[in-house]
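Some structures are shown below for you to check.
Look for chain A in each of the two complexes below; its partner is chain B in the first and chain C in the second.
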Partner chain A sequence: MAQAREIDPRPWYLLSPALLAIALLVVVPMSFILVYSFYENIDLGLDAPAFQFGNWRELLTDGYYHDAIWKTFRLSAIVTVLAAVLGYVPAYFIANTRFRHKWLLLLLLILPFWVSFIIRTLSWIHIMGNQGAINGLLLWLGVIDEPLPMMFNEFAVIVGFIHVFLPYMILNVYVSLEGIDRNLEPAARTLGCTPWQAFLEVTLPLSLPGLAAGCLLVFVLTAGSYVTPLILGGPDDFLFGNLIYDAVLSELNWPMGATLSFALLVLLGVVVVVYSRFMRLNQLSKAFG
Partner chain B sequence: MRAWGWIRAYAVAVYVFMFAPVAVVLLLAFNSSQFSGFPIEGFSLRWFRRLFENEAIMRAFETSFSLGLLTAACATTLGILASLALVRYRFRGKDWITALLISPVLVPETVLAVGLLIFLRWLSMPRSFLLLLLGHTMIALPFVVLVVQARLVGIRRDYEEAARSLGASPLETFWQITLPLLMPAVFAGALFAFTISFDNITATIFWRPAGTETVPTQIFGMLRNSVSPEINALGFVMIVVTVGVPLAAGALARYFARRRQ
Partner chain C sequence: MARVELKGVSKSFGPITAVRKADVVFEEGSFTTLLGPSGCGKTTILRMVAGLETPTGGDILVGGRRVNDVPIHKRNLGLVFQNYALFPHKTIAQNIAFGLKYRGVPKAEASDKVRQALEIVRLPGVEDRYPSQLSGGQQQRIALARAIVIEPDVLLLDEPLSALDANLREEMRVELKAIQHRIGVTSIFVTHDQSEALAMSDRIVVMSAGEVQQEGVPEEVYNTPANEFVARFLGAANLFDARVTGADAGSVELDTAAFGRLAVPRERALWLGDATAARLVVRAEKLALSAGDAVPAGTVGAPATVEAVDYQGQLARYFLRIGDSRLQAIQMIDGRPFPEGATVTVAVRPEDCTALPVERAAGTT
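Moving on to the complex of A and B:
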């Protein structure tokens, strides 16, 4: 009884609206996805409660779905690696620059978050499309006679993803680089390291948590998308998310949509769990503080 | 120091990569050509005029604005209450509660969207504006909690305790001490929530009722044919709203803060 009296109800009053919202809008719906994945699809938009594994069998045996899973992982991995390569150097620059207006560089990093995602994505049509800046310039210079086809393929999708997710990567790497003791690299230098060695042996390992957090974010965000391939890709450029979109919004096959959604949740959940075995998840929230 | 020169050039190139496409949209919005791309034929405001005459787009703007404002109000209220509990009280299971509140960030939006939709289907409720509002609030909530929490940690409890010892009730203390000190975080959180809602397309496509369009879904629909020049003008307006307004607000706040000193 003594213990029961010690529980202070006040934080729970404050928390209850938010917890109720998350429970009703996230936790309960997630369990409904699982339940629905065993339902049977009868006709367009019509399904019957059942407990059968038909949807799961289809997912596990049909090569079409395997292809989509493989494509999604491959594309997400490519985007993640390229974003890491492109993002590390600017983060290093911002962390180490003696430029007086460093806040401006940081503000410019946050600015893209405020620019509409769909505008940023479609802007690449103006850069790489037939009437885009690159083709316009090359035609004007007389280098080419016909516009180069650069749009509506996998390359355009990759560029679009990197463009949208790069700020996440740079911010995460920057936060961990900023936390490194500034005396360490000079110390390594006085002990005989070349600048490159000092970077490889000291700075890079210490910045790995930020780099890993950035990679996880970019990977998960890419693997869960479907809009970018619809705007920038061709008919063959689809991700797992596009299958969900098709199942739910075009075919009105709710049980299959539920099965695919749950599968995506599990696949990305595995990625997050593997990551958290090596890194701590709270690294992710640092970039927002 | 040659290496540093390369690093600087690399960083500048990445910044150009991030901003050149957006700059091109801003530029093309004023192109008088009847095609949306290059070459630029002349300066004209005709696409803006066309934009404001387009009723579907204006309706989408109205929807997006009211949705964004309501989402900001809901998510900020829930987020502040939850953050107060997380920062100001000690209780068991706090880590779990925090993880639960942040969890929508880790679930792909597509999955969140389908889940909520299936739940609604089970309840035999049709898609509605309320669904969009609840959904957007849920998506924005983790970000508001993170922003407000970070700020709240920095506010010393001494002020609150002083107010309490001078006879203020807990509610009075909150209204007169904590909330004013928290105002910057409230604004930051609300702005964040508004932008998240105003910009959302992934989940909105699933949740919108038939016939309702927000600005992003409207643009998405218009893209099916081709990029019309109106979209560039629309992009210009959206960027001014989501970038210009917060920047101006920030600059004004700084200006007034400086004058007061």
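Moving on to the complex of A and C:
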């Protein structure tokens, strides 16, 4: 018993390279950012080292920022829900297909990552823009008289996000579907379930951990983005990340940028912690314990 | 409870024929085993009865009703899987009550039935646990409880014991048979384990390469195999080439290189017909070994050399040679086994031998 309490140092040796890398590349820079958030911005690009709460006060009192936080969470939630619905179907298909070259389907999922994310996002201009493929086709067919406004609005931003983050959702759901015993659905069927009931009773609940992980990933990735709204959104379609971008690159107000960055980190950290608490459904952890 | 009948049932998966024109009857309340090596089509038959596969030919009748096109959830069958297939996210009570829920059984009644089912499988009081908190043997009992609680017309058992370790397996097979006997449900049991089949079944259907090889009560299948495949698959058998040298009403006389002439009773040469070439089947445990060269009365015998001994405690398996023939003998031993290299007398009673016709493609294994 006493021996079991003694800490085996070996795991720490093995972890040390990773811990060192995280410390140097994440913890230290984040500390700088935190320190910077207390500095004072005097003029464009000119900061004075200080310890004052002006930046934080501005963040907490200015409705503009609160609005951006609300917008970010709302849009992330929409993207997450849509990605969950749209991602579950292909994941289910890949997990259950009798197609012999399953790896090929998985490769197709990973294939988009070989092209720069910015190029993939820009490609939507050619698909949904006024002179894009969809409008071109509809105009040519005579279905519409003038181009549908599909670009530079929230719709375009949502489409862009789903496009980019869907593979994360599919892969996560796929992995958990793969882990489900193939006999469970037949077992449910012999006990009286229709195929749909068997899915709802067995497959869906057992794939929830993967779905939950996929949702968290998509939510956090969306909430931390700024490029997609920048390229595909209109003037009002900004996320919190865009405010950071503006503060740092347009206003050259690094202390404010640091404050906003750190605030976003804390907000998303809270989301991750709360979410993992609630989504680790008590039953599931017991079932897989 | 219902009688299950397969009428010329076939199943092909693309170019592969898994089951070829199977005609089998599973009598009401009986315990029938589909026995055969993996890939022989036994599981496919079970899955077709369950509705998990659709036959490509023939009819499946349950209680006189053709069920080919009846969807799985309307067949009222209990299926027990090899790997238990319990729902890991549901409690034991929820697992067992699952089928009752979809049969509209009220909750109070369902929980009574769950308790009864748990008593039948001798695992009372585990209602609130999760499958992962039970051992393999316990999980298999729960799977059985889940299958029988719905009072199925037929209980289908797909190698339910093969995931258990040896001791537990033997214990469970006695218990499973007892439970089946008690509730009297028509049961179809799939296994590749001949000792399970012999120990548990009312009837055994031996299958190989998608075809039924023989069907009968265990003693029948064991003692009078219909062909070489069955002879080799059940127990350890020695097969010798033989020539038919004579026959009368009661017996067939054979001439073998190893034992000379012997008269096999007619009922042990049922499948022989009027062939002149035969294969003589001698079960390893029917061979008697003795020191010295006296052949006991009523037996045929020959001197043999012990080439190897596989000592197993209460019995020993001997690998012997008589002239050019090699054979196996299993014998209870008292004291020390015969040593390697010893010369012994091997004897067998002719009425313990079976004569089979020579097959063109011998050894379907």
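Simple rule for what comes next: the second predicted complex is superposed on the first by the 255 of 289 C-alpha atoms of A that agree within 3 Å, B and C clash if a C-alpha of one lies under 4 Å from a C-alpha of the other, contacts with A are read in each partner's own complex, and residues count from 1 in each chain.
Quick note on the criterion: a contact is a pair of C-beta atoms (placed from the backbone, for glycine too) under 8 Å apart; a residue touches a chain by one contact, two chains touch by 3 or more.
Fair warning: this is a prediction, and the values are worked out from it, not measured in the lab.
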Partner contacting more residues of chain A (chain B vs chain C): B
Contacts of A:184 with chain B and chain C, given as first, second, both or neither: second
First, second, both or neither for A:205, with chain B first and chain C second: second
First, second, both or neither for A:29, with chain B first and chain C second: first
Touched partner set for A:119, first chain B, second chain C, both or neither: first
Which superposed partner A:17 touches (first chain B, second chain C, both, neither): first
Touched partner set for A:111, first chain B, second chain C, both or neither: first
Overlapping contact positions on chain A, where the chain C interface meets the chain B interface: 284, 288-289
Residues on chain A engaged by chain B in the complex (per definition of touch): 7-8, 10-12, 14-15, 17-19, 21-22, 25-30, 32-33, 36, 86-87, 89-90, 92-94, 97, 105, 108, 111-120, 122-127, 129-133, 135-136, 140, 163, 166-167, 170, 195-196, 220, 223-227, 230-231, 241, 244-245, 248-249, 254, 257-258, 261-262, 264-265, 268, 272, 284-285, 288-289
Touching residues on chain A, where the partner in the complex is chain C: 181, 183-184, 186-194, 197, 201-202, 205-206, 283-284, 286-289
Footprint of chain A on chain C - complex, ascending: 50-52, 71-73, 75, 77-79, 81, 83, 85-89, 98-99, 101-103, 130-132, 146, 150
Residues of chain B defined as touching chain A within the complex: 3, 7-8, 10-11, 14-15, 17-22, 24-25, 28, 35-39, 77-79, 81-82, 84-86, 88-89, 91, 97, 100-112, 114-119, 121-122, 134-135, 137-138, 141, 143, 145-147, 150, 195, 198-199, 201-202, 205-206, 215-216, 219-220, 223, 227, 231-232, 235, 238-239, 242-243, 246
